[in-house]
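Note that chain A is present in both complexes that follow, paired respectively with chain B and with chain C.
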Partner chain A sequence: MIIENFKHKMAAHCESGTITSLLNHAGLQISEPLVFGISSGLFFGYFHKMKSFPFPTFIVRNKPGQMRINIAKRLGIKFTGYTFHNNDEGQRKLDDLLKNNIPTAAQVDFFYLDYVPTWERVHINVHFIVVIGKEYTDYIISDSYFPELVKLKSNLLDSSRFAGGSMSPRGYIFHVTGIPSTVHYEEAIIKGIKKVCFNMLHIPVPFLGVKGIRLFAKKIVEWPQLTRDNEHLSHEIMKINILLEDQGTGGAGFRFMYSTFLQEAAEILNKSELGDLSRQLMEIGDDWRELSLFAARIGKNRDLGSEKIGQLSRLIMNRAEVEEEFFIKLSKVIKKI
Partner chain B sequence: MKEKEGTVDCQKHQVVIYVEKENGKYGPIQTGSYISANYLDDFFYKRKNLEVSLRERVISGKISLVYYYMVLEDLSISELAARVGIRKSRIRKHFKPEGFAKCTVEILKRYASVFNIPISNLLQIVLVNIGAHSEPLTMPDTRTGKVAIEQKSTDNPYLSVTIIEESGQ
Partner chain C sequence: MIPGPSKQLKTEIKILIIKTLGISDVDPDDVDDEKPLFGGENKLTLDSVDALEIIMALQRQYNVRIGDQNLARQIIRSVTSIADFIYSEQKKFNV
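Let's look at the complex of A and B:
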């Protein structure tokens, strides 16, 4: 069986895309950038030493699962979620929901999804998909990173839902159970923007927000000492491009999607200042993209001496300065509304 | 970014990015991945070199296949320990053949499940000869010819089946 009226659509990001699909199916016509902006998705964090990663890394979005929590709180949407103590119970519940024609989102480890090309598969427990049907032992999946619906064997869905390790999903699934008759976007947008400004400028943690971008700029010069050899360094430097452009960000580490959100917000709130800031952020995003293309280029050419790594560090530091200035302006504009 | 600048031809890896359209509105387009379009060959080149150097160390008895798969799958020791459900100190012992020899079948099963490989592949590497070099059966991305060998997991977690297909005349 398959939930026939579910419309599969590609999206920039898995969590915002999944939430958008579920809300659209439930009757709320909302765009992905609006979901992303209201749920304060934009973020930055640099992790130089983290047990769950074999090498320093950074994030450009808020904590996985937080988008759902924020959008529920700010728009009054009700989601019902379940985690499980054992796999059989988790599969039974999912099958029951599908039998009742309820598209159900699942948090999964990307690595076990065999429809994903092998070079993209990584062990990370924070991918989101929508399960919309089952045929014998195959589940029908709407994965916002793929143009078409895909099939996944039940044993692989099981492995991906119950992978252990950090941020283990424990079989987590959720679906929409209530949408308010009237949705007030204005207040939700303001709260969403305020939280992003707080996270980028004032969060009291030295490796998060603009402080995180600065730390990234300082620490990247230490990367050559942490790698096995030059090819490993090349791989890690080129991953900067993947994390900013390819891993579901909509380009430039979510900056392009957030500027789209600000353009929509300017129209909804009728505030032209937000439109100006949207254009500024698009330009800031262009420079993030330049930075990520530079990283890919020096990685490919193995041009990874201290001069080029220093240049990359300065480009990142420059992003910190520009973004600090941008979020101070955004913060001032939003406080006046 | 303007729509034209964001458009990349790469059918095998499609992504959605947000761009400025001709009418000045920002919105999504479906396009190809820039890095997959331009740098995938380099990724495979580095991955092959890494696999060969790890394989040589496994063959010479310096490391076990637990270490081999952990590095190839980009897992940290802490993450692997959490997923397998044993302490990091035990995982470290399993990196060497003498420590690996003390693994129970149950622990091997858990490793195989995390690495998503048949349990038998913790005791063997199945190679495919391509011209002058060999590469593991489990790395099919760069091969163009058909390999008539397939490894399948079964409902029995301690058994995988290797199928060798006769291609006929």
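Let's look at the complex of A and C:
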């Protein structure tokens, strides 16, 4: 069986795309950028020394799962979620939901999704898909990274739902159980923007928000001392490009998607200043992309002398200055509404 | 006949790719329009860094925006898919 009226769509990011698909199916016509913006998805954090990361890394979005929590709170949507102690119980519940024609989102380890080309399959426990049907031993999957619906063997879906390691999904699935009769976008947009401005400008943690971008710029010059050799350094520097461009970020570390959100917000709130800020953020995103390309080039060419790392550091520091200025402006505009 | 991107646009795209990546040993005529640009089937074999370079070059040359990398993957699959995208974007502004 397959839930016939479910409309599969590609999306820029798996979590915001999955939530958007579920909400659209439940009758709420909302775009992915609006989901991303209302749920305050944009973020920055730099982690130089953390037990869970073997090497310094950074994030450009809020933590996995937070988008669903924020969108539920701000739009009054009800989701019901389940985790499981054993795999059979997890599969039974999913099958029951499908029998009742309920598209169900699942948190999975990307590695087990055999419809993904082998060279792209890595262990990431926080990929989100929507399961929309089952035919014999195959589940029908709507994965927002793919243009068409795909099939996945039940043993592979099981492995991906119950993968171990950091942020293990424990079979986590969720679905929509309630959409309010009236949705107030205006208030939700304002709250979403205020939270992002707070996170980027005022969160009292030295490695988060704009302070995190500055720390990244300062600390990246120490990366050569933390790596085994030039190959390792090249690998870590090229990861900057992957984290900004190649992991469902919508481009330029989610800056392009947030820019699109601000354009939609300008229209909904009838506030042209947000439209101007949307265009500014698109330009800021272009420069993040230039930075990303610079990192990828020097990594690929193994051109990793102190001069190039210093240049990369200055490019990152410049992003901190520009984003600080941008979020101060955004904060002022949103306070006036 | 279904209207679509011209042969000239496809040649322009091939020249842009070759120039952007500084490739000296491939002639635009040797590049197959339909075969994937990734994976070694075509005369040009690109990687993800090349892809980003091409996206940025296309943005500059044709004043288009390719923000979403999932969409980008579909667009830069082959010369024809790039040409289709540029053609559809140009059409939007010419209507």
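Worth a mention:
Here is the rule we go by: the second predicted complex is superposed on the first by the 337 of 337 C-alpha atoms of A that agree within 3 Å, B and C clash if a C-alpha of one lies under 4 Å from a C-alpha of the other, contacts with A are read in each partner's own complex, and residues count from 1 in each chain.
We take it that a residue touches a chain if its C-beta (ideal position, glycine included) is under 8 Å from a C-beta of that chain, and two chains touch if they have at least 3 such contacts.
As the structure is a prediction and not an experimental result, all values here were calculated from the model.
After superposition onto chain A, the modelled positions of chain B and chain C overlap sterically.
After overlaying the two complexes on the shared chain, residue contacts for A:G285 are found with chain B and with chain C alike.
Shared-chain residue A:H123: touches chain B; no touch with chain C.
When the shared chain is aligned, chain B and chain C each come close enough to touch A:M10.
Residue contacts after overlaying the shared chain place A:S234 against chain B, while chain C stays out of touching range. Of the two partner chains, both chain B and chain C are touched by A:G251.
When both complexes are overlaid on chain A, the residue A:K300 reaches chain B and chain C alike. Contacts of A:S159 after superposition: chain B is touched, whereas chain C is not reached.
Once the two structures are overlaid, the count of chain A residues touched is higher for B than for its counterpart among chain B and chain C. On chain A, the patch touched by chain B and the patch touched by chain C overlap at residues 10-12, 144-145, 147, 238, 241, 245-246, 248, 250-252, 256-257, 260, 282, 285, 289, 293, 296, 300. Residues 10-12, 144-145, 147, 238, 241, 245-246, 248-252, 256-257, 260, 282, 285, 289-290, 292-293, 296-297, 300 of chain A are the ones touching chain C in the complex. Contact residues on chain C toward chain A in their complex (touch as defined above): 47-49, 52-53, 56, 65-72, 74.
Those residues of chain B lying in contact with chain A across their complex are 1, 6, 12-20, 25-28, 30, 33-36, 38-40, 42-44, 46-47, 49-50, 73-76, 78-79, 82-85, 113-114, 116, 139-141, 153. If you check the complex, the residues on chain A that touch chain B are 10-12, 32-33, 51-54, 111-112, 117-120, 122-123, 144-147, 155, 159, 163-166, 168, 231-232, 234-235, 238, 241-242, 245-246, 248, 250-252, 256-257, 259-260, 263, 278, 282, 285-286, 289, 293, 296, 299-300.
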